[in-house]
Amino acid sequence: MLRIAVLGCGRIGQMHAANVARHPRATLATVYDIHQPSADRVAQDQGVKAATTAEEIFASDQIDAVLIATATPTHADYIEMAIASGKAALCEKPIDLNLGRVEACAAKIAGTSVPIQLGFNRRYDPGHSAVRAAMAAGDIGDLHQVIITSRDPAIPPRAYLEEAGGLFRDMTIHDFDLARFMLDEEPTEVFAIGGALIDPALGAELNEVDSAMFILRTASGKQCHINNSRTAVYGYDQRVELMGSAGMIISDNRKPHELRRYSAKTVEASEPYQLFFLERYLEAFMAEIDGFVDCVEKGATPLASFEDGRRALILAEAAYISMREGRMVKVSEVQA
Amino acid sequence: MLRIAVLGCGRIGQMHAANVARHPRATLATVYDIHQPSADRVAQDQGVKAATTAEEIFASDQIDAVLIATATPTHADYIEMAIASGKAALCEKPIDLNLGRVEACAAKIAGTSVPIQLGFNRRYDPGHSAVRAAMAAGDIGDLHQVIITSRDPAIPPRAYLEEAGGLFRDMTIHDFDLARFMLDEEPTEVFAIGGALIDPALGAELNEVDSAMFILRTASGKQCHINNSRTAVYGYDQRVELMGSAGMIISDNRKPHELRRYSAKTVEASEPYQLFFLERYLEAFMAEIDGFVDCVEKGATPLASFEDGRRALILAEAAYISMREGRMVKVSEVQA
Amino acid sequence: MLRIAVLGCGRIGQMHAANVARHPRATLATVYDIHQPSADRVAQDQGVKAATTAEEIFASDQIDAVLIATATPTHADYIEMAIASGKAALCEKPIDLNLGRVEACAAKIAGTSVPIQLGFNRRYDPGHSAVRAAMAAGDIGDLHQVIITSRDPAIPPRAYLEEAGGLFRDMTIHDFDLARFMLDEEPTEVFAIGGALIDPALGAELNEVDSAMFILRTASGKQCHINNSRTAVYGYDQRVELMGSAGMIISDNRKPHELRRYSAKTVEASEPYQLFFLERYLEAFMAEIDGFVDCVEKGATPLASFEDGRRALILAEAAYISMREGRMVKVSEVQA
Amino acid sequence: MLRIAVLGCGRIGQMHAANVARHPRATLATVYDIHQPSADRVAQDQGVKAATTAEEIFASDQIDAVLIATATPTHADYIEMAIASGKAALCEKPIDLNLGRVEACAAKIAGTSVPIQLGFNRRYDPGHSAVRAAMAAGDIGDLHQVIITSRDPAIPPRAYLEEAGGLFRDMTIHDFDLARFMLDEEPTEVFAIGGALIDPALGAELNEVDSAMFILRTASGKQCHINNSRTAVYGYDQRVELMGSAGMIISDNRKPHELRRYSAKTVEASEPYQLFFLERYLEAFMAEIDGFVDCVEKGATPLASFEDGRRALILAEAAYISMREGRMVKVSEVQA
């Protein structure tokens, strides 16, 4: 059993703590949050004792690994502390909103053999990973086009948006990673547009966008489109489509159950899609821990690595340049 | 070009006249209706001259074939007159509501080489016939179970119901025929229940049912379920499911187009199914004429024969005995 | 936290033990199996100590409730022992294969206030229960017809079939219960046919059937069809359809994920349905424990009661009479 | 009855001739083709007499309107001749491959009251037009994003590609028009990439692309993505998705029938999509003639006008600039 401490007891940290606690190959060693009452509440729910500092976690020899789900600005620090203390780290995305900080962290941990896994949950989703496996098995021949639809059910509160680092670094970063995962080749060019269509005040006051579209291209010419919206009223919309020379394969939306209604007005109607990532990607979050245990115990390579986190952020930076300048931007133009 | 006269200018006769008129291998020779103004109107619409009697049609050497879409009590007479005059006949179902009359007609036309085709349109439907072809090709291995769902969109007016001969002879007759077509073997036993669930007055005043369920079995043990309702508010519901040792195959409902709606209340919702048989089975009605031309011009065997009409009626009679007596009835018990 | 002991460590007992162990409101107190090594293995997997006799479980004051997943012939005994010791019982179906034994058990526990819940997992399934809730809310108007499709993915081994008590008591019993749950009114009449279509030797040697069809009717005339097969090669097929005066509602099959394939031969193709009940009804099994905890801790009425188990068995008995005699059988004809 | 002459007896001309011939409100007056035997064959099939020159058609007082389905370089000439002779014209897309020629034609026919309709069949498709109507009715609130997937089933022969004027003018032109139709506002900016992924020789030898992606934006900020491929092996792929503040609406692919297969390998599998535009858009082509008759006889405004043809071509030109220069191009930059 891998003894994991969860750092951060916000919404996603609570979920991770519960998932670790009920995971057949892991135990929840302790939890920590900068806001002690939050940590205490989660600790009580899961029947463990909360830590009072992060440092005591890194110092403990009763803990094998850490799951970092704290505020983004602390991620890189905690990764460095984990590596320094020889504890495997599973870190929520993004590594940092600042590419320079990410590069510095990369330099600091270079050469470590301690496992680091990034929280790109989509790579662990049963549907998305089945699609990738089918593509890798040659089921659609040569891959030509990837279409990623990624829309959140409701726009987050203004306070969140002010801290989130911008749509591309906060939300699209998952899709940039998914694009890399599916393309099976590095995108070398990025084009992006964005707008504040849902809440025009976002644009005027925060210079933020809530709706966006992207085109990526790889060196060999593979094409990828991503579209984002902060408000899909019909539920969390998460689709991936791979088009190739011998066929197409889609990972479609998942419903809470398979009810269909038929009335005088409409037929084959289902309930809205699963609310948000905690519901939609529950299996993925569990599989993520599976994978993490495999990395630590069996020396497996993480499906989502630190380097994947770095490269997704570079794509986000390229996309920001593109949006500003209205042109295709080479990924190689991005500088930390 | 096969020169076809259409007898009967009611709703279904009008459709047949239009279909014949625009069929690439047939021409509409004339139309007839006992109510002359109806015939005249259809004739004018289609640019032909209406006949004033049925007799002149059977006597004409400018007419190769007749399509009988008159009131049910005239069907057997017109079939006999067609055969006597050497004209091929495509007759709407049922042949007659009285099995004795059907048997007498069968005796009278026995041995004729003039083609007779019955209007069992479902056999000509692209989806249903593709399902049967897949089954016949062995795609689902040995056939074990057939499920037929057949529900009309709205209960007909009382006047229609008083003349229609009862749900089993009027509506289920299509499903009995479809069961025979799909089972690829004669049903030897029938069980039926029925009720006036939509309009209880139907039961009290007409001894009629509006909702029914059936189980049929063949000599080799194949099982078939049929369910009927006179009122599917979500549209005409026409499904066929074949279950076998190596798989299942379904002919599902057809929509007018592939619109899907996604809202805060519902996802993947489509418009109600196609209104009724004129819309749902339009392609089948056209294919029916195709088949009829092939029978006359190429000597093809009708996909739906007089004998098919007779056997479907026998199943309806067996079902009525079953409903009265609350037991499985052998088809061989039915007597004209 | 409700302290639950699991009796029986076969396939379904193992699943229940794991589900109890990770349930947020329950703890796994101990496990028991007549075959001690089986109990020890499950105990070790879940980090508990196995009991060596059932008696010590009923005698323990550290245990609040039992989950009975032992061989069918022991169910009624253990229910009686549970009630006698004041421990709530969640018992797998069927209560017993012999109606007389069930009636005797009912008499013995009559008047108890100790909660007893039956393992009719389908009542707890998110899709099925959403469908029932929609019906109960009046979304489809008056209910007229219920269609239940229930097919297992593969025929069980001969040894299992020899002990299982016959298809109707072993497998259809779930569907009889589901029919009662959905009809919201007692079926008063039953008609059944069965055949050994998959494995004819079953019929010849065990007098057993592997494919069956049923029609049930309630006093008010509601109609219900059930079909069963032991071998749906495309996966576990579990569908419920409710047809009413104002619409239809379906609980359709659940897939492992929403992958769709598109090739030169086929489009919109998904992976086979979830393997079998452990996968398909996982959420239902978890919800079953939720409901059980509510019964014990909050005094809630079980969604599936002992009486539901008794009535489902009576329907199975009526169906056997019907299959033998080829007629509609009144449920009131069944005698213990 | 509107008397229509069809010019051009290639594949699409043959279809138009047959559609006009069986249209209830139109008659096929004659057909013409520069290759006389082609015209004669179609004339014979439809029971009319072929014209020997286009001029005799424009001179005839027995002809009300022309349907222009000849080679693209003749379209503008025939439109001008039709207008000069007072005959309504329904012209296949594109008007011309050269924007200068289109502008000249526009100048020449400016102010005419003779109806001119463009052959943008997608506007007449039942699914696509139902989606647009729902959007226009406010069913999805404010429109934010449009996604158009448009893929042909198989790459055309090299000879066709050498004459077709390039993917954007030949194929995407339909999607540019559909984007304008759905956005309900002019796109003001275009971004495009393309590649020869299916057949690299196309790129090397013809400077042609076979796979492409586009992003369009309107003045108010609405976003639109189009993707194209010349080879969707699973059939003609034609989807439109509209995403808005209150929901989403999709016009999905149409199948030849609703067969679904279930086997040990796959479930819910259907036959490949309808082959190509003649099958997929048959209803649209018929509705196009409906609309044309309405324009001529009732003075209705064409749903697809000459101006729509001109604007779609301008978008194609903008897209070519974008592809060359790797930047967002303002539509206003395009010059004839």
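Letters are used for the chains, namely A, B, C and D, taken in the order the chains are written, and counting of residues starts over at 1 for each.
Going forward, contacts are C-beta pairs under 8 Å (C-beta built on N, C-alpha and C of every residue); 3 or more make two chains touch, one makes a residue touch a chain.
None of the values given here were measured: they were computed from a predicted structure.
Chemist: Report back the single chain whose CA centre is most distant from the CA centre of chain A.
Modeler: Greatest centre separation from chain A goes to chain B.
Chemist: Compute the distance, rounded to whole Å, between the mean C-alpha positions of chain B and chain D.
Modeler: 39
Chemist: Quick one: chain C and chain D, Cα centre-to-centre, how many Å?
Modeler: Using C-alpha averages as centres, the distance is 57 Å.
Chemist: Can you list the chain D residues in contact with two or more other chains?
Modeler: Residues 232-234, 246-248, 253, 261-264, 271 of chain D touch two or more partner chains.
Chemist: Graph shape for the chains shown, where an edge means the two chains touch. Line, ring, star, complete, or other?
Modeler: Here the contact pattern is complete, since every chain touches every other one.
Chemist: Along chain C, where are the residues that touch chain D in the complex?
Modeler: Going through chain C, the ones touching chain D are 232-235, 253, 255, 261-273.
Chemist: Would you pull the chain D residues touching chain B in the complex into a rising list?
Modeler: Residues of chain D touching chain B: 18, 22, 24, 125-127, 130-131, 134, 139-140, 246-254, 256-264, 271.
Chemist: How about chain D: which of its residues touch chain A in the complex?
Modeler: Listed in rising order, the residues of chain D that touch chain A are 142, 144-145, 147, 149, 151, 189, 191, 193, 195-198, 211-213, 215, 217, 221-223, 225, 227, 229, 231-234, 237, 243, 245-248, 326-328.
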